[in-house]
Every structure is written in structure tokens, then in C-alpha cells.
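Structures incoming, each one as C-alpha cells.
Both complexes shown next keep chain A, but they swap its partner, so chain B is in the first and chain C is in the second.
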Partner chain A sequence: MNQVFCDGDGEWLHLMRFSAGGIAFCADAGQIESVTVFDGADADRVVWLRDELGCRGAAGQGAPVLFGVKTGAERQYRVVVDRMEDFCQVACREIRPFPPLVERFALAKGLWGVVFPAGRPALLIDFLLLARKKRT
Partner chain B sequence: MKMTLSKKVLALIFTSVITTVTVISVMSIAKIVSRGESRVSSLREMLLSERKMQIKAQVQMAVQAMEKLPLAEAKKYLKLMRYGDNGYIWVNDFNNAMIVHPDPRLEGKDQSGLRDQNGVYIIREITRMCRENGEGYLNYLWRKPGGEAMLPKLSYASRVPGTGLIAGTGIYIDDIDRMIVKEREKVALETRSEIMQYVLVSFTISCLFLLLATVLVRKHISNPVLAITDAVKNFNNDLTRKVPVTTGDEIGELASWLNEHISELHKVIWMVSGVTENIFSYSATISSSMGQQSDFADQLSCSVVEISSTMEEFSSTASQIALHSQGVVVQADKTLADTKHGASEVENLTFKFNEISEDISQNLDEIVALGRKSKEINRIMEIINSIASQTKMIAFNAALEAASAGEAGKRFGVVAVEIRRLADSVVVSTGEIESKITEILDALNRLVMSSEKSSRMIMEGQEYARHTVALLTNMVDGVEETTNAAHQISLSTQQQQIASSQVVIALKDIEQGVRYSTDATRKASSVTGEMVLLSEQLKSLVMTFKLGNGETPREPGGDK
Partner chain C sequence: MELTDPTLKSELLLSELKRHDRSNNIVDVEERRTKVVLVTVGGNSYAFYGDEIREILPACEISWVPGLPDFLPGLVIVRGEVESVIDIRHFLGGDQAAAQTGLIALAVSGDFRSGILIDSVEDVVDVPQSSIKPPLSTLSGAARDLVAGEIDLGETVIPLLDIGKLAARVTL
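Up next, the complex of A and B:
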């Protein structure tokens, strides 16, 4: 069980499902403060997730979406994803961690494991971890 | 056998003399013989007359006895009456019944059937002569008593006046024939002697006459003729030679006339020489011309044959053309009717094209209007999509808020989820509508393009149809002209066929005439060639004559 997101195995986790660089991701809805359509304003102050993770796949259809992440600091961490997919619930026990061999490298990118909302796999990303690594 | 003229004259003289002597001799000998025969005949008549007088005298004695004596005594007397060696008297009546005869078996019997071996009925004939003439003599053959041979016998009978009886007697005259034979032998001896004398004298006179004739013939005929013959024999075409005139008779006249004719011949040969030269020249010219004419006639004959053959082929071709042109006329009539029908159909087609074009134009306008409306719908759908997207974002934010609110925001989260789902549904629906509208627009575009293409094609079809109508109209005129021309061609080809047939017949006549002309020309050429040869021969012959004083006939090719 992941201690970051869940306090126990029976606890449910609210996740935002989205895609960036052709890869499906899920993020804890509690870390996200706002969801808006990215209209290109303040482009130098946002982070494109696909560029951050090095994903070079196709963006797909739909307008890019701007996530406002709750970091507790004055300055909001703003992440742009290619497309917003869904809002779902996943039990904490259903989170699948990475193998130990690749776990260190995955955590370095803010990735905790793999979930299967609606039966489809998606990478579980920690925006707060990613925001801290960005600052450091 | 060759005989000289003197021999012929002598033969004629000999023949005449011998014939004359022979005729005279034959006539004289015949006269001598006739005289002998006359002598023998006179002797026979004399002897026969004596016998007739003898038997007539005996019968007259018997008649007198029967006239003077009673009949019975007369019968006895006559029965016993004999004269000569075995002469007797018989009496019969006019019924041929024997009254008195030395053989008593015959008395009282009918002797009308008595006849000799030559068929002479003796008693019947005697009775007939006495009935008609009162008397008569009869010769017949009868067997002499004591012999077998049938000998000539002469009987005489006379009617006994006032009795109705006939008295007659007969005498054998075979002794007269014996005497005549002897007399004939004697006469023959005398005649031979006389003839011998006559012939001898005649022969002697004839020989003397012939000897004299031979001498005269040689002197006056043979020798002058030999002189003329010698001159003519050695004539050798020498027209200066003269025949000697030795006599003043016909032979001398013949020699004179020969000299005269030689002189005339001299002139004639001189003239013939010139004429021959001209004939030779003209013959050569004619021969050359005839040769050229013969060659030309051959070429003409070949040309006529070739023309005739060509015209026959032309006639055959004209027949085929006439036949085919008739077929062309039929096809042209059919084509004219079809073309008129086709023009009418194309005009109808043009009207249909116009109607279709108008319909397509209207449809195209409506389709364009429909496409415009579809685009308006698309813009509406974009607005709806924008609203749905904003609604979805609001729903996401609401869901975040609900998740932040925990249990209190759970129901709000459900509402947010539903709103987001509705927004998704709207987006999906608008996407589908957009897809459908896009499909409709694509279809409309394709339909517009297709309609425009169809409209262009119909316009092109209309243009083609108009062209086709114009072409068909022109074609109808052309086909009518073609049909008329085909009729004219058919008539012309038929006339041409007839004309070519007549030309073929005329060419065959010409060919025949040219053939005849060629043959005639060849014959004429041959004849002229022979004329050249003959004129050359004639010149050669003329050159053989000698005209004297150094004159000779002119050479061929000399001055005319």
C-alpha cells in the first residue's frame, strides 16, 4: 500500500485521468486545485508534462488542459497535459508498484506505480513530488 | 517421134496418093467383083427361069388335059404323067384335099398340114396363091426320093378353070446351086487375075508420082524451111540477124514477116527495157511500202487485240459496277431513310437533354443551398462543442471541489460526474453530428461536383446533339445527293455497260477487219516481192537481147 496517497488498504483514492505524450496518467484529485482549458496565457510559467517526462508520442484530439497543483507555497505549480480524460475512484490496494529494478528511476520522475481505472492501465504520478524536484 | 516438115508433107502426099489409089482400087475391084456376082446371079436366074418354064409347061399341059378330057380320064392321064428323072403332076382342090397323086395313099386326104422343116405349109400356101392369083411358084425343102438330105424344091401350081381344082408339079433345083458354085469359082479366078493387073499398074504409077513429089517437096519446101530454121536456131536473141528469103511463096513470105517481126521486136525490147527498169523501181518501192504497211498492220492488229481484250475486261468490270451500283442505290435509299429517322431521334434527344439540364440546374441550386445550411449547422455545433467543453471543465472542477469536501461533497460529486457525463455525451453527439454533417457536406460536395460534371457533360451532350443534328441535316442533304448520284451512277454504268459491249463488238469487227487487212497486206507484200523478183528476171531476160550498133538494154537503176 502506498503511504503517500492512502492510509489503509480499504481506503478509496479519487484520481484525475489524463494523457500526455500519448501515455495515460492518473493523479490524485486532492493535489489538483483547478482544472481549466489551457488558452496559451502565461506560457512561460507553466510546465508541459510531456516535456517534463520526455514523452514524445502523439498528443491526440482535444484541447490541452491546465492543472493548478496545491503545493502550499505562494506560487502555484501549473502543469499542462494534452487532454483531460476522466475522474475516477481506485482502491488503494489496486495500486501496482514498479519492480524494484526500475522503482528508483520511476520515483525520480514522480511516478509511483500503475493503476487500472475502468480496466485500462495508467501511470500514477505525484505532482507534489514533481514540483519539489523542479524547485530543487 | 520427131518428124521433119518434108517428111510430114511427103507423108501427107503418100497418104493422099495411097488413099486415092486404094479407094479407086477398092471401087474398081468392087466393080469387078460385082460384075462377077452379077454374072453368077444372071446365070442363076436364067437357070431358074428355065426350070420354071419347064414345070409351068408341064402344069399347062395337065390343065389342058383336065380341060379337054373327062375328069376321070384326066385323073388317070395325070396320074401316069412323068417328066425328067422323077417329075409328076398332082391335083388338089381348094380345100387342100389331094385329088390326084402318084401315091394313092394320099388321094382324098387333107394335106393342109403338110409342111417342110422350115414350117412352110406347102399345099395350103399353093391353094392360097391360086385362090388369089390363079397360079404361083413356091420354094421349099423336101427329101429327094432315094436320099436322106432335104433339098431345095421349086413347085408351080395353077387353077384349072371351071373345075375348082388345082394342078401342080415340083422340081428339085439342087443342081442349079451346084452349077452356080462352079460358075462362081470361075468368075473368082477371072476377077483375081483382073485385080492383080490393076494393082500392079496402080502401084507403078503411084511410085513414080511419089518420087516426083519428093523431089519437088525438097526443092520448094524442105530446103527453104531448113534455111529459116537454121537462122532461127542460131538467133541467140540477136535482133540484128536476118532470116534468108529464098522463095516467093508462103515460106518466103514467112521469112519476110519473121524479119519484119524481129525488127518490131527490136523496138519493143528497147521499150520493154525502159518499162522493166521502171517496174523494178516501182516494185521495190511498193515492196518497201508494203513491208512497212505489213509491220504497221501487225502492230495495229496487236493493238486492236489488246484494246479488245481490255474492253472485254472493261465491259465485265462495267457489268459488275452496274450490279454493285444497283446495290449502292438500294443501300443509299435505306441510308437516307435511316438518316432522316436518326436526325428526328437526335432532335428528340436534344429536347430531353434540355429538360434534364434544367432539372440538374435546379437540383444543383438546391444542393448548394443545402450545403450552405449544413455549414451553418456546423458552426452551431462548434458553439455547442465549446459550451460542452467548458461544462466539462466546470464539472471537473466541481468534482475536485466535491472530492475536497469529502463526505459532504459526495452528492455534489455525483452531480458533477453526471454533468461531466452529459458534457461528454454532448461532445460525443456533437462529434457524431459533425461527422454526419461532414459526411453530408462531402456527399453534397461530391453530388455538386457530380452534378456539375453531369451538367457539363449534358451541356456537351447538348452541344454534340446540336452538332449531330446539324451534321445529320447536312448528311440528309448529302445522302439525298448521294442517292441521286447513285441513281445517276447506276444509269450511267448501265449505259456504260451497253456502250462497252457495243465497243467490244465493234472492236471485234475491227480486229477481224485488221486481220483481213493484215493478211491482204502480207499477200500484197509477198506479191510485190515476187514482182521485184519477176522484174529482175525480166531485166535479166531483156539484157540477153542484142540490139546492134553497140546498143544494149539499159542497166537497172539507170536513167528513167
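Up next, the complex of A and C:
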């Protein structure tokens, strides 16, 4: 089930913060099963997020990181991001949906909202939604 | 010494009646006026209906979002709210050089709401409704689809852009 979970009282969302192609992203930490430095192994079985989304910016400094995303199936969805930042939490009420004009395009890329960890905007990405959109 | 005749009551009344009549005439010819915002986009002048422009935002960072079409350069954050931004030059043509440095006009029409990239605000004026003419057929295709009419400002004629038509175009 493609769903983003807040904690027990429904008020907070626990997020992984990272960047790809010069863009700041956050993803529900509950979707990510493993986090490892990407050493280039099994390169043909991973997806680079910056390529997947068509991000145009530079990767910046830092080592690429491989996320193993829970899919419910036997096989993980393996996504490489340019740089891992930190874990953070945001109040669910602080999540801003995309404006209607943008939303349909953003959802097609697995993006579903904007949050402001550390005072800067970051795009919320749902990896499972991204994988599903890619399949279709 | 010559004596002047005192003003007759009939003269006073007639004068007052004429003044009142003139005043009525003035009211009669006073036209409805429409507030318009004159802007430049891509180096060309355009106008928006004043009641469709909520505010003008200073130059600010536009956050790019993957997957957006060319006419949507991204998002801006306005007092904690996320607003889309349309690069209207995509439809109107004109100089594309200063894509990320202009002002943003926050437009609202019905359910539609979005920022629109503009180069500058030239003026906000009230114009008589009679000065708004149907759009010239010489306008190029894409621009003609967005124009409500043309405003005759005496020395110049400026296309009046219709936010409703823009909304219909970008939400297709």
C-alpha cells in the first residue's frame, strides 16, 4: 500500500532528507529499509534519482547513497541519491500540497508536497509512487 | 453713474436650472472605468485587469520542480504558502533572457490562482471601458488566445490579457 505514515498521534512525519541533481528532497523514513554508501556495485540494478527525475543541477559534494526502498515485494526498489543530509521530522499540518497547476505534473514524478526542514523548501517524494508511475 | 439692474429671481432660477442640467449631463457622460495594471513581459507591454492581480511579489527564488512543462518554471513561497509560477512568455513570445530575475504578479480568477512572471510594473490606471476594443486580428496566434481586448491609451495600444483564458490554456 502506497502510504505515508505519521506517528501514533498523527501529527508528525519522520523524514529522510537528501539531495539529487541540486534539488532538496525529503522522503518518508518508513519507506526506506536500508541506507548504504553507493560503491557502484550492481549499477545496472539501481535507479539514479537525478536521472529519473531529470534534475538539471550539479550533484554537489558528498558520496552518493543507495536507498533500499520497501516495496512489499521480494525485491527492493534501489535508488541512488547524490547526498544524504539527515533525519528530521515535520508536523503533518506543515506539509504544503502543490498548487493545482503543478500537482498533476509533480505526482507523475512521485512528488506530492513541500516541507520546510531547516527553513528551506524540500520536495516530498514518495518512492513507491515514483516506482508505480514508472511502471505505468 | 450707471445703475445696474438687480438680478431677477427668474434669472437666478434659470441659471441654477442650467447649471444643474450641465451637472446632470456631466454625470450622464461619465463612463464606467476599469482598473488595469500595465506591465512589461519579454520586453513588450501588456495589461491585466486590476481585480485579477492580487499582488506584485518582488524578485524571489523560484524553486524548480521535476517534471514541469516549460511554461511552469517552478514554485515560490509566499508567506508560507506555495504558489505556482507561469512564464507567460512561453505563450506571448518576447525576450526570454531574464527568466529568473523578474517580478511575479499573483493572479487570481475564479478557482485559478498562480504567479505570473513579468519584467516590470509600469502603472496602474483607470481606463474608460470604451477604450477597451476587441483584439486586433493581426495579433499572433498564441497571444490572441490570451487577449481579452486592446486598450487604447492614446499614444499606444496595449493588449489586455485575460487570466481566465490563460487558466484555460495552462490547465488543458
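Basically, the second predicted complex is superposed on the first by the 125 of 136 C-alpha atoms of A that agree within 3 Å, B and C clash if a C-alpha of one lies under 4 Å from a C-alpha of the other, contacts with A are read in each partner's own complex, and residues count from 1 in each chain.
In the analysis below, a residue touches a chain if its C-beta (ideal position, glycine included) is under 8 Å from a C-beta of that chain, and two chains touch if they have at least 3 such contacts.
Nothing here was measured: the structure is a model prediction, and the numbers come from that model.
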Which of chain B and chain C A:F105 touches, first, second, both or neither: second
Partner chain(s) touched by A:M16 [first = chain B, second = chain C, both, neither]: first
Which superposed partner A:A63 touches (first chain B, second chain C, both, neither): first
Chain B versus chain C as contact partner of A:C55, first or second or both or neither: second
Touched chain A residues, chain B compared with chain C: C
Interface residues, chain B side, partner chain A - complex: 389-390, 392-393, 396-397, 399-400, 403-404, 416-417, 420
Partner chain B, residues of chain A touching it in the complex: 14, 16, 29-30, 32-37, 63, 65, 84, 87
Contacting residues of chain C [partner chain A, same complex]: 63-69, 72, 75, 77, 80-84, 86, 111-114, 170-171
Chain C-facing residues of chain A, complex: 23, 53-56, 96-102, 105-106, 108-109, 111, 114, 116, 121, 123
